[in-house]
Structures are given as C-alpha cells and as structure tokens.
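Labels for the chains are A, B, C, D and E, by order of writing; each one numbers its residues from 1.
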Amino acid sequence: MVPTSYYILLSAALFTIGVLGVLIRRNAIVVFMAVELMLNAANLALVAYARERLSIDGQVLVFFVITVAAAEVAVGLALLVAIFRTKRTTDVDEVSTLRG
Amino acid sequence: MDLILFLITAAVALIGAIAMLVSRNAVHSALFLLLNFAAIAVLFLLLQSPFLFAIQLTVYAGAIMVLFLFVVMLLGAEQVEDTPDRIAWQRPLAVALGVGLLGVAVLAALRYAPGIPPGGAAAATFGDPAELGRLLFTRYLLPFQVTGIILLIAVVGVVVLNQYGRSKAALKPPPGD
Amino acid sequence: MEWLIWLIPLLPFVGFLLNVFVIRHERPAGLVASGLVAASFVVAVTAIAMLAGLPEEERRIISVGWEWINAGDLRVPFGIMLDPLSAVMVLLVTGVGALIHFYSIGYMHGDARVVRYFAYLNLFVTMMLFLVMGNNMLILFLGWEGVGLCSFLLIGHWFERKSAAAAAVKAFVVNRIGDAAFILAMLAIYANFGTLNFYEVTVAGEVQPGFLERVPEIIGQSFGPSWQPIALATGISFLLLIGATGKSAQFPLFVWLPDAMAGPTPVSALIHAATMVTGGVYMMTRTEALFAASPATQTWVLWVGALTALIAGTAAIAQWDIKRVLAYSTVSQLGFMVAACGMGAYVAAIFHLLTHGIFKALLFLGSGSVIHGTHDTQDMRKMGGLRTAMPTTYWTYLVGAGALAGIVPLAGFWSKDEILAHALSHNHWPQLIILFLTSLLTAFYMGRQVALVFFGTQRDTHYHAHESGRVMTVPLIVLAVGAVIGGAINLPWGHWLTDWLHPVLHEEAGSFNPVLALIATAGAVGMSYLGWWLYTSNAAKVKVGGKDPAYRYTGDIWDGLEEAWYVDRLYERVIVQPFRGLGDFLARVFDPQGIDGLVLGIGRFFGWAGAQVRELQSGYVRTYALVFTAGVVLVLSFMLIFTR
Amino acid sequence: MDSIQIPPVDLRLLTPLLIVVSWASLLLLIDVFVIPEGRKKLTGYLAIAGLAVAGLAGIPLWNVSGSTFAGMLVLDRYSLSLTWIFLIAGALSIAIALDYLPRHAIEQGEYYPLIMVAVAGMILMAQGTDLIVLFLGIEVLSITLYILTGFAYPRLTSEEAAMKYLVLGAFAAGFFVYGIALIFGATGTTSLAGIAAYLGRQPFAPQAETLFLAGASLVLIGFSFKVALVPFHMWTPDVYEGSPTPVAAFMSVGTKGAALAALLRFVAFAIEDARPFWLPVLATLAVATMVIGNLGALGQSNVKRMLAYSSIGHAGYILLAIMVAVEGGAEAFLFYMLAYTLTNLGAFGVLIALEQRGEAAWSIDDFGGLYQRRPLLAVAMALFMFSLAGVPPTAGFMAKFFVFTTAYGGGLGWLALVGVLTSAIAAYYYLRVVVKMFMQEPARELRPELSQGLNLEIVIAGVATLILGLLPAPFVLLVERSLSALGGG
Amino acid sequence: MESFPILSLVLWLPTLGALALLAVPRDNAELARRIALMVAVLTLLASLALPLGYAPAAAASDGSLALQFVERVPWLPMLGASYSLGIDGVSLWLVMLTTFLLPIVILSTWDSVHKEVRNFQILMLLLATAMIGVFVAMDLLLFYIFWEFTLIPMTLLIGIWGGSNRVFAARKFFLYTFSGSVLMLLAIIGLYVLNREALAAAQPGYPGTLDISAIAANLRSGVFRLDPAMERLLFGAFFLAFAIKVPLWPFHTWLPDAHVEAPTAGSVILAGVLLKLGSYGMIRFNLTLFPEAARWAAPAIAVLAVIGIIYGAIVAFAQTDMKKLVAYSSVSHMGFIVLGIFALNRAGVSGAILQSINHGLSTGALFLIVGVLYERRHTRELAAYGGIWKVMPVYGGITLLVALSSAGLPGLNGFVGEYTIMQGAFLAPELGWPFLGFAVFGVVLAAVYLLRLYQTVFMGELDNPENQGLQDLNRRELVTLAALCVPIVALGLYPAFALGPMQASVADVVNGLANTVAGRIDLLP
C-alpha cells in the first residue's frame, strides 16, 4: 500500500505547478488549464484522504468539485470568446486597462 | 507493486503538469494536461475510486479538455506568448513563491504523516458507485441540488455572455477606455 | 456717610456717560464735564472734612459695593475707601482736575471732537479716583489701567497725526509692561495673604483681612530655585516697583512720556504731570509696608528714582519743544519722588507729589497758553520775547518755574528740600549728590526755558502772539497761588501733612537742615541765572536747524542729551526690531511651514502611501494572483511555523 | 441493491431560499417566452416581487429554528436576518438597474433572475453549515457574478473585469477546495459541527494539527478572497469599476455580506477553539485591509473605484466584529451589514443617477457643483458619504461604534485603534466628494437622471441611513434577538 | 424640574426652525432670515429659563454630578446609552452663550450673506442644535454624536459661503478636527467597556452605562478603578480631541485658515462657541473623569498653554490680515483658558469658564467688526485702512471697547477672566509663578497686537480715498454689536453674576481632583 503522504506530496506538487501556471502563463486558456490542474490536485488529496479514512464522503466531494470546475470552465471560455471578439487576443496581459 | 505503479503514474502526472506549464503552444499544453488528467484517473483507481476514475476520464479528460482544445482552435490562440513579457520581473518571484508554497505544503503533509495507510481494511464496498450514489441522494442531497443550479446558471451565462445581437456600433465606449 | 464717597468717582463718571451718550455740542459738554468734576471736588472736601472729624485711628471710610470676583479660591470685593492718603490724592485729582477742565473749555474751543475730549477727561478723573480710592489692589489696578486707557485716548485725541497715534499706542504698551509686573505682584500677594484688600473689610457679613497689616508674616519667606532663593517680600515689592516704573515713567520705562506730549496740552498737565504719572508713587506709598519689608527693593527704588531724575534732568536741558522740556522735567521730578520712597520718606514723596502736581500743572497750562497764543507753536526756537504779549502767562509761568527750580519760598523748594534733607540725614550720599545735581539741572533748564520763551525777541514772526482768554488765565492764576503757598502744608515747622498722613504712614517729621537749604537755594538761583543768561545772551544764535548755544561747551554729548541718551533708539534696535523679526519669522515661516508643514506633511505622507497602493494595482491579473499567492504563503507559514 | 431512501427534508426551513430559486427559474422562462423585448422592466418588477415574497415568507419563521439536509442547512434568526438583508440588497440593486440597463443599451431580461440566483447563493451561504455547501454557495454566487460583471458586453472594461474576476475567483476556489481537502483529511468531516466537535474533543495542540491548521488557513483565504481582505483584495477595484454600476453596487454589499456571514459562522462556530491560531492571522489581515483599503481610496479620482477601495476598508472593520463574534461581535456584524448595505447602495444609486446614456460619470469632477443642479441628490450623497466615513448621526457611525465597542470589549482594543485611525484617513476621501458637490463648480454639463426606481432607492437608503443613525435601538434589539441561537446547527 | 423638558426645547427648537425653513422657497432670502431670527430669539427666550431656574446645589453624595433640568429617556438600553440631558454650573453659561450669540449671528447675515440664504440659515440652526447638544448631553454617545455633528454644518458653512480659499480651509477644518476626535471615540468605548467589566464582576449581566454622571460616580466611589497607565491613555485620547478644538498650540494651524475663509457669521460661531466645546470637554471629561491623569499631565499641558499664549500673540502681531490677526489672538486667549483649566483649582477652572464666555463675546464681536469693514471694502488687509475712526466714530468706539475687552482691560469682562485664571494658575501647586512669569507676557502682547490693529485701521490719516466714503454702522450692525457690548461691560463690573452659579459645580470638579493621590511636581524647593 502506498502511504497517503505520498499522494499528498504529489498533490501538493501538482497544485503548486497549477499555481505557477496562473502566475506565469499569459495565455488565458492555459491559465484556465492551470486552474483545472489546481482543482485536480485538490481532488487527488480528497480521494487519498477518503481512502485513508475509509470515508467515501471524500469521493462525493470530488464529484461536486468536478461539476463546479466544469461550470467555471464553460463560463470562462465563453467569456474568453467574447473578449477575443473585441480584443483579438487571449493574452491576459493585454486585458489590463482597469488599474490604479 | 502498488508503490511502483504509483511512482510511475505520479511521474507521468508530474511530467504532464510541468510540460503543460512550460509548453509555449497552448495545444501542447492542453495535451499534456490531458496526460496529467489521465494519470490522476489512474491514481483514483489505485485509491479505490472506480466511479471517479470514470468521471475523470469522461468529464475532465473528455469533455473539458475537448472544450479547451476547441476554444484554442477556434480562437487560433495556440501561441499568444510571443510578445515580450511586460511583467517579466514577476517570474522569479512566482517561482520563489511556488517553492515557498510547496515548502509549506510539504511541511504540512510531513508533519502530519501518519506514514502507513490503514492496511487493507477497506471494505469491498468501499468506493462502490452505488454507495456513492446513495450518499448523493441522502446526505449530499442539498449540494447535489445546488450543483444543478450551478450548471443552469452556467448555461444561462454562456448564452448571456455572447450576445451576438448587440451591435457594437450602438455603444460608445466610456471615456477612459 | 459711606455712600458719600461713592459720589466722588461717580460724579465724573456720570459726566462721562452724559458726554458719550447724550451731549452732542461743545458748550454743554465742557460745562457738564467741568461742573461735575468741580462737584466731585466739593463732595470730596465735604467727605474729607468728615474724615478729619474722626479720631485719628478711625480715619478710614471703607465702602464695599458688591462682591466683584467670587471664583472659589479668589474673592475680591468691589469697594472703595477714603483715608488720609487717599484724601490728599483725591483733593489733588479733583481740584487740579476741575481747573484743567475749565481751562480746556478755552483751550479746546472749536476742536472737532471736543465732546469726546471731555468724555475722556471725565473718564480719566473717574479712573484716577478709583486708583487712589480703591480699597484693594484690584480696584487700584482697575483705576491704574483705566487711566492708562484714558491716557491712550487723550494722547491719541488727534489721531489723524501719525505721531499722536503712535505715541498713544506706545504709552499704553509701555505701561502694560509695568502692568504685567503689577499683575504678577497681585498674584503673589493673593497667594501669600489670601486677600488683595489693603485693610480689613467686611463683605456681606464676612470679615476679609487686609494684607498691609499682615506683611510681617512673609518676612523670612523665600521662593525660587533652591540655589538662588529670593525673599518673598523682595519679589513682590520689586514687581510693584516695575509696575511703578511704567506708570510713573521711571527708568527704564520712561520713554513713553515725552512722546505723550502729542496729546492736547491740558491732558499733559492733568495726566502726564499732575495725576496719572504719580500713580506709581501713590501705589508705592500705599504698599509701603511691603517695601519696608525688603531693604533690597528699597535700594533699587532709591537708585531707580535717583538715576531717572538725573537722566531725565540731563535730557530736559537739551530739548527745543516747550512741552518736551516739561515732560522730561516731570520724569525727573517723579524720580525725586520715587527716590524719596526708596529712602522711606513717603511723606516727602507725597508732599512733593502734591506741590509738583500744582506747579507742573501750572507750567503745562502755561505752556498751553503759550502754544495757544502762538497758534500751535511748540518749538521754543520760534518763540522769544513773549512776556510782553502774554503777561499773565509770563508771570504765572515764572512762578511755576521758580517753584520747580526750588526757589525759596515757593512750594517746590519745601518739598524738594524735604527729600534732600532726608537723604542727608539718612546718609544716602550718592543719591543725595545725584539729586542735588539734578536740582541744579532743573534750575538751569527752567532758566533756559523762560529765557527762550519769554525773553529776547520773537524769532519767528509768522504768528501774532496774544494772551489767552480768561477761562484759561484764571486757572493759571489759581494754580500760581497754589504754587506759591502750597509749601505751607508741610513746612518744617508745621508739618501738617506729616501729621495728617500719620495714621497711614506712621512717619515723624524730619529735621530741617538750614545749611542744605541754603546751598540748594543758592545753587538753584545760580543755575537759573546761568540758564537765563546763556540763552538771553545767545538768543540771536538760536534758530531752527542750528546748534544749541551750550553745544560749544559740551560737544556731541549735547546731541545725546537731546535724544535722552538714545534709550528710545536702543529699545528700537534691541527689542522692537527683533520682536518684529521674530513675529515675521513665526508668522511667515515657522507657523505655515514648520507646524502646519508637519500637519500637511502627514496628509501628504498618506497621499504618497495611497499612490503606492494604487501603483501596485497594476491592472495585470497575474500580478494580482502573485500578491494573492504571497498572501497564501505568508498566512500558511505563519500558521505552520510561527505558531509552534 | 436496496432502493435509495431520500431522507425527509424540512422544507419550511428553506422557504425563502426555495422561493427565490424557483421564482428565478420560472422568471427565466417567463422572460424568454412571455415578456416582449423592450418591456424587460417587467421582469425586474417581477423579480423584486419575488424577493419581496421571499422576505415576507420569512416572517413566520422568526420563531422557527432547526436544521435539515443532514445538518447541512440551518435556519436560525441569524441566517434569517441576513436573508432579509440580502433580499433588501437584491431588491435595491434591481431597482437601480431598472433604468440603468436600457440607458446603457444592455437591457436583457436575464439580468433580474440572475440577481435572484445570486441572492439565493448568498442565502445559501448564510444558512449553510457544511463547508461543501458553503463552497457551492460561493460558486453559485460567483459564477452568477462573473456573468453579471461581463453583462455589459461588448464594453471591454466589463469583459475585462469579468475575466479578472473569473481567473482570480477560480484561482481562489482552488485554494478553498484544497483547504476543504486538508480539513477533511484531518478531521474526516466537512460539517462545521463536526469540525467544532473535532476541535473540542481535546485541548488543542498545534503540533498535532498542522494539517488542520493548513486546511483552515486555506479556507479562511478562500473566504478572504470573497470578502476582499488584503492581500486577496486586488480584484475588487478593477471588477467594481468594470462592472455595470448596479452590479458593482450589488457586489459591494452582497458578496461581501454573504462571504462575511459564512466566515463568521466558520470562525465563531467551527474553529472557535483554535482562536489563538487564527486570531493573529485575521488580525493581521484586518489591519492590512483597513490600512490598504483606505489608502487605496485616498486620492482616487474615480468615485466608483473609490467606493471599491472603501468597501475593502469596510470589510476590515467588519472583520473586527467577526473576530469577536462570540462576544457580541455577531450583533455588531449584522448591524454593520445592514447599515453598510443601505448606505452603500444609496451611494451607488447616486452614482447611477449621474451616469448618462452610455457614459461613465464616475470622475470626482463629475460631482462638481451637484448641489447647484440637484440639491437633494447632493444632500443624499453627502449623507451617504458621511455615513460611510462614520460621522454621526448616521447609520455608519452607529455601526462603527458597535463594531469598535465589541472589538474593544473582546480584547481587540488595539485593532479598534487601527480602526479609528484609518477611519480618520477615510474621512479624507469621502469628504472630497462632499466638497466637490457643495463647494466647487461643475466641470461639465451633466444632467443627472432620476428614474422612479432610483429615486425610491435613494430615498429609502437615505432615510434608513438617518434612522439607523438616530434611533438604532429597535434594529439593535432585533439583531440581538436574532443571535440568541447562533450556530445552532 | 421634571415637569417640562426645557432643555429639550432649547436643544431642538433650532432644528425645528431648520425644518420649517425647508418649506421656504430656496430663493426667498428675506423670509428665511426672518424665520431664522425668530427661531433664534425664541430659543434665547426659552433658554432664559435656565439661569432663572438654576439653583446652585452641592454635589450628590454618591459622586455623581449635580445636574439640573435633567431629562433621561432610554435610547440604546443594550449599551446603557440614554437620551440624557442636564446642565450644571459648568455648562449653564456656555449654553447661554450659544443661545445669546445665535440671534446676533443671524441678524448679522442680513449684511454678510448674499447667496443661498435659506440654506445658510438651515445650517446655522442645525449647528446651534449640535453645539447646545454638546453642552447639555450627559451621555457619552450622545455627546459624541453632537460633537461630531458640529463638523458637518460648520464645514459646509465655510466651504460654501467662505472666501477664495474656502475649499482648502473647509477640508482642513473637517479633517483636522475629525482626526482629532476619532481617538476620543475609542476612549469613550474604552471607558464604557472598562466600566462595564469592572461592575459586571459584582453585578452579573450589568449592561454597562454611557451616562457621564454615573461613570463619574463609579470612578469617584472607587467601584470602577482605572489603572494609571490606562487612565492616562484615555485622558490623552480625550485631551487630543479637545486640544485640537480649543485649539492648543501646536494643534492650532487649522484655525487661521478656517477663520479667514469662513463667512463672518461662521467665524463668530466658530470663535464664539465651537472653540468652547474644547474647553468645556476638558473640564467635563479630562478633569472630572481622569483626575489622576489630569494632575500628571497638568504641567506639560500648562507649558503648551503658555507657549500658545505667547506664540499666538506674537504671530497675531505679525499678521496683515485682520481676520488672521483675530484668529491668532484666539490661540493666545484659548491658551489662557487651558492654563486655567489645568490649574486644577476653583479659581482656575471658574476663570476658564468665565473666560470661555468672555472670549466668545469679545472675539465674536471682533469678527463681526472685521465683517463690517469687509462688507464695505471687501478687503481685510490692514494696509488698506487707516484713520477710519474719523468717518466711523461709533464703529471706532465699539471696536475700541471690544479690543480692550479682548486685551484684558480691567472693568471689562476679559480682565476678570484672565486674572482669575492667572490667580488660579499661580495658586496651583503644579504650576506656580514660573508659568505666570511667561503667561503674563500674553497680557502685554495682547495690548500690542490689538492696539496695533486699532492704530493701523482707525488712527492715522484718512489717506485712502476709498475709505473716505465709508458709512458708519447701520442700525442692524449697531444692534448686533451693542448687544455684545452689554455683557462685555456687565461681566466686567459684575462677574459674580456669572461666577456665582458655577461655584458649586466647579467645587465638585475640583474636589474630585483633590481626592486623588497625586504625584505632583514641585517647582518650589
């Protein structure tokens, strides 16, 4: 059996990579991908803990997270398309008129 | 045996994630992410969650990633990061923060470290989709309903956010735009 | 009976009110003002007669009108009193005051603001009466500042003249410096005696003590830093001395009085010669017990008086303005009085005060008559030979000058001699010499003045000199009579004044020294003649812009004398200009840029900080995420590392 | 395989929520199929009616309390009071939008049901007693707001704001979920009661609870993002500025209120026993929020942005009350929310009145001489500004007084000190608006337009601001009563 | 006394008037003025019942304040806050000052306010309510509300009707004084919480109280003890607010700006009453509630006060703008008041109260006087004038009287106050003669700058042709100024009239101070 902490370490690493993706990447689509990665990392942790505690609630939670992720991605991509239509770019840095 | 499988899968997941991070092409990123998702799905299976394994593959690796790819293709946004980074100073800071974040996460995980998982005490029904379904309709009935609302507004949102009917000419941009 | 003494100050006050609110024309104004002061004089005489009828120990009438200040720890009644000392002052104020009021009717005839003039004059008399009749320090101070105000108003009566306005303000401000010390003295008196009353008084059935009787209690007490303790009595009396130097124009605060001559001449006579300026002498006499308790202060008083007498005397000999001569002379004579106080010869001081009040008023009124008769000429270089045109003025002036110079048997001789004799008998040698020299100077400058004004020929013929009207000459004559016989009140053989003041001052009559009297008289006659001779023989050389005939004997020192030893200029340089500079610095630099700069700087700092915050809000969503992540890392590490 | 027995659900306890949700769903359909184009105001009126009905339906529940859905949802007076506040916020936001949308040519019927759904999400956050419910409540609210923020398509600022909001919102959601995962890992439960029981079972030893603390931190951070606590606040100014003004108004009071309500429940009920560990963290955040929020507003020449920063600052003040929630802070929180909701909506109402067709009039110069042109509007705005600044006799002052009093009483005197000092800074920028309106000349010719809805909204807000400031006793009493059973999940 | 809520009447009458004015058309200036004047006069008449019905009484034995005309209605029972009004000897004359100045100020607006007259009157009446409220509120929260509310109308008065730099001045006024007060809010909260905690130990469920009198009683009876450090902090927080309001050096820089830019009526109220809120607060709060800290801080505060006395006078001397001159003279005079308060004895405190009244009258009158000239010539530069006594004799005479009152001439009100203060400070063991040695220079300098003003403006040649046609006072101006001169003279000759009723209350405050053990600093060996 694999110790839970291994899963958690992996999940932490994936989460961090996701965070870095948001911080570093400029392509809004990739940013969204990174966010998805973060959520997936959280899911992994949830499932691992569920396994450790033998509590299936953790898995149910993952179900909800996935749904929410899907909804967010849908709205986010729709927004991206909308912006692209005006601005012709998906570079988040280009969308920075509001400031100060 | 499990450990080896875990290590391999974990490696794949990590590689996929890192590759997604560094790929300059959004399509590549998407594909690497797909790889990562698949690896995670395998891990789910390792953790006795067959239902989530399936969901992960269908919803994430399937639906969501397709959506991503579709949008990338639609917008032709494979390579938007050719221009110089205007806030390049942020990159080292970001990496430093990532290391810090990872550090505290590892610290949290290790300090807790029960070490060995409850050995094989898992009931046969653990992770049974039926069990999951029962929970969804009993204890988690409310969240389940709420997800319905979320999906509904997501649909409405997508419609509202793309009002082709609105003419751009009808609008003057506000001053300062 | 008690109410009667309230009439004395209130009658002139009624005159003041009438002249301010009711009367609009010159004639009624003058009559009402003079009449009420005269009435006050009559009442005063009546009251004093009553006072004299009392047994010697009971000669003190105190009347409390109401409780003035009742602020817990501080209680002061509004009350006045009449005792022998007040009585002589009241007589001088109302008597000479009434004469000067009458005189003013003539002198101020046709002036645009004559009604106001009389109102001020009435107010002055009221305040002066409060000064001398107050039964506590605070009432005395009320009068003290009140006369200062009237002095301001009257000096500034012709406020269109810049010099008059400046002189008025200067008089008030310089006086205020003395007054500040006076206030401090009052504070200290109250703090140590718990009362400001001179004598015990009953207020609303409650007996309040008087401090004069309790002065011995503070002897031996001291205050101040431990390394330099100051005797309490010395502290208080020294502050009072400073107060007196302001009001009585003593060194170093005498500078306002010569300038005060910018006011109408009757004002100079009444306020700046006969009454107000003697307030300081009166005050010191009144609080004699405090001075007696402090030998140190006494010495100071003596020196201040003597030096003032000399300095002012030397300044008086070099003046061209007829009134400035008299002004410096007044300062000098006040120095005599103050010196007398310093010697403990309070009766002599009061005696000199009274005689001086009469003959100096006479001299001022005489000079006023001259000015009037020469169409507002004040420069003696433009006069000369007026004795034919103005005989009454001439003769009366001569009497006054003789009295001032100390010629036997005129009033001034007796009073001055009493001071000198006291100095001699008490071995105040340095002061005696100074005062004697001063009396020689006095005789000299009076001889000079009489020669310049009345002898020789008229040097400026642009005007037609004429004698003044009866309303002016009659007061001159009355005062001249007073100047002749005034000395009688305290002749060495009768010492009526000493006896009268005995309940207050407890002084015995001093001895008469015939040798000193002889020397002094001889000196006075000699110096008068010298002055007269020098300026009649050189009368032709006297002209505007020219040097004084005495210049060739003294050299440039004469210029210094004319400028009164440059004291004014010194103050201008050392006090006034630095003060202006300080004011400008504080108002234009320190306040707006220093203090307010700090205040606004705080505001600016926050503005700057806000700009930094907005700077961070760069618009890049990735930066926002970065800050977010930094927050996460901080929060997590705090939770995980620092809470161990 | 046995059939699934759906446990009985006490629907009474979620009457307002149900009414809002079903009304909104229905309205979506009605809007599309019944209400003709150009008469979309009707949808708005219906939405207001729905919110009103929901509010009325809540009245009989005043004496009811209990939980349902396996303890995931609770009805108590606390949540009911908040429900009413949210309903008021929603109704007023709709009222100010009625005229705004057509004026800016972005009128679409969906706006109104979406607001209703957002309100539903907020109610869910007030009533939820399980982290997963709170998470989903947040998401309902957030996704709705992403949409509403981008509602002014194709105005780029609106889209930009939505994008920023979405990216950061999803980012924050990731942390939130990870926090839930860690808490789940540590405690095996996500219900607040379960967490409280876990903490209460033994003296709390931090060494052993690393995992739990990390999870709790991340959950706190998730809430902090919604509340806009510094340094998780950076979306706020941009999003407020870019959103359609009624949406910004709604967000400023709604999201914040709901997130704070949930935060309060989490802090006061679930992790109260770990107080020594979260208190310094929240205190630091509170200080940073009060300082940075008010500093950011300083010198802001865009009034809308200024109000955004000011809302950050206010969140800091409210956080003080939350930190001492069990010692009376909850009352103060409710009162503050009420006062802030009314005042801020009033201020935004004035802002909207200034916006002419398709034109932003948020510059402080646009307020110049408002007093000359529209004296009453200027007086109302001054009232709101003074209330926000905490100058008596306004609701804002009373609210601050309550918050600082409870904070002081709860041992947070030094935070109250920071609070009063920063409100002194805040006075500067609020006063700037007043100064502009009353003492300076107009910069350009603007004719503020006041529709009926706007008029009503401003009047309601203004009167309420005054009444709450002068006679707060009945409201405080109400608030006090509503907390008799806090956390009774 | 409970029969008729006379204090409420006096307090709210102006507000009712303001509400009534809302019904007047915005541009009907004359009607608005008349109504406002009527309301002000009614308020004055109503307030006359206060001194007439006031019965000086000793303090209650439980240490609470001997208040009269008390009204108490629960307001926020959960906080122990109530709508609690009452006056004692400290506040009696300050209320009277306010109601007395109000009709005068409104009468002066005929000549000095020409735009938005109705709204001006509304704000003025609201301001009156707020100021009276500060004096009569006996509940900390109520007090604070009135205290802060004064800022709003005053700021608008300055900012809308002020001079050229009015916006800056209004903003500075608001922010400076508001910032100063926020710490006081915290101190009020602290006082409330600490009192509640102290008493809750003995009486569980005690809701706490914000009643000033009750807190004072608790403090004095020892039921509620503050530890010295906390007492000093609270003292400091209250003091800062009051020091800024007074304003004590070096917190004075808002004052000249506010005064210079404010319209005449605003300046009069600002100098006449608003500054007194600070001195009132010092007596009511700093002395009554924190006696120990008051003793501790007295010497330091007195130093600031003395610096203010001299500094204000010197700076006033260097001004060329008449209003600024008068404004800085306020700094100097208010220094005296603070000095008197922190003499911590009966003479000092009663002198300070009396001087508050005096300063209100004479400085108020001075601002009216400056306003008279400003209305005629639209300049306040000293250099623009000279010799105008000739064309405006009545005006000149009244100005002289007022200036002398301000300069502290005996026989006029200013002297009595200043002397009583100085005597108090001299008697105070914490202060004593070294302070007076400096403070007394203020008396000299007051004469210097006021007479310089008088000399420059009224004396000398009437050489500016623009001044030759100046009209003397019209009837309204004469009435307003004469009305101020009456108490100026009356209080100078018979101050006992005002001093008498305040003695019992002042003694109460001072006795409270004496009961504390003090670490006093001896200047005498």
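Basically, a contact is a pair of C-beta atoms (placed from the backbone, for glycine too) under 8 Å apart; a residue touches a chain by one contact, two chains touch by 3 or more.
Computed from a prediction, not measured in an experiment: that's the story for all the values here.
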Exercise for the section: Quick one: how many steps at least from chain A to chain E, stepping chain to touching chain? Expected result: 2
Handout entry: Any chain in contact with chain B as well as chain E
Key = C, D
Problem - Innermost chain, taking as reference the mean of every protein Cα atom displayed - result: E
Exercise for the section: Specify the chain most distant from chain E by Cα centroid. Expected result: B
Practice task
Specify the chain most distant from chain A by Cα centroid.
Solution key: C
Fill in the blank from the handout: Per the C-alpha centroid definition, the whole-Å distance linking chain B and chain C comes out as 99
Completion exercise
Chain-centre distance (mean CA atoms) for chain A and chain B, in whole Å, is 4
Exercise for the section: List the centre-to-centre spacing of chain B and chain D in whole Å, with centres computed as mean CA coordinates. Expected result: 29
Exercise for the section: Quick one: report the Å distance separating chain C from chain E, using the average Cα coordinate of each chain. Expected result: 37
Practice task
Return the residues of chain B touching two or more other chains; collapse runs of consecutive numbers into ranges.
Solution key: 86-87, 90, 94, 97-98, 101, 104-105, 107-109, 111-112, 139-140, 143, 147, 150, 153-154, 157, 161-162, 168, 177
Problem - Where chain D touches two or more other chains at once, by residue number - result: 132, 136, 139, 143, 146-147, 150, 153-154, 156-157, 162-164, 167, 171, 175, 182, 185, 207, 210, 213-214, 237-238, 300, 428
Exercise for the section: Find every residue in chain A that makes contact with two or more other chains and list them. Expected result: 4, 8, 15, 18-19, 22-24, 26, 28, 32, 43, 48, 50, 52-53, 57, 64, 68, 71-72, 75, 79-80, 82, 86, 92-93, 95-100
Completion exercise
Every touching pair of chains is listed here as A-B, A-C, A-D, B-C, B-D, C-D, C-E, D-E
Fill in the blank from the handout: Per the touch rule above, chain C residues touching chain B in the complex are 618, 620, 622-623, 626, 629-630, 632-633, 636-637, 640-641
Problem - Touching residues (chain side chain A, partner chain B) in the complex - result: 1-10, 12-21, 23-30, 32-34, 36-37, 40, 43-44, 47-48, 50-54, 56-57, 59-60, 62-64, 66-75, 77-82, 84, 86, 89-91, 93, 97
Fill in the blank from the handout: The answer for chain B against chain A in the complex is residues 2-3, 6, 10, 13-14, 17-18, 20-21, 26, 29-30, 33, 36-37, 40, 43-44, 46-49, 51-52, 55-56, 59-60, 63-64, 67-68, 71-72, 74-75, 77, 80-81, 83, 85-87, 90-91, 94-95, 97-98, 101-102, 105-106, 109-110, 112-123, 126-127, 131-132, 135-136, 139-140, 143-144, 147, 150-151, 153-155, 157-158, 161-162, 168, 177
Problem - Residue ranges of chain E in contact with chain D within the complex - result: 26, 74-79, 141, 144-146, 148-149, 151-152, 155-156, 159-160, 166-167, 170-171, 174-175, 178-179, 182-183, 185-186, 189-190, 192-193, 196-197
Handout entry: In the complex, chain D residues that touch chain E
Key = 371, 375, 382, 386, 389, 391-393, 397, 401, 404-405, 408-409, 413, 416-417, 420-421, 423-424, 427-428, 431-432, 434-435, 438-440, 471-473, 476-477, 480
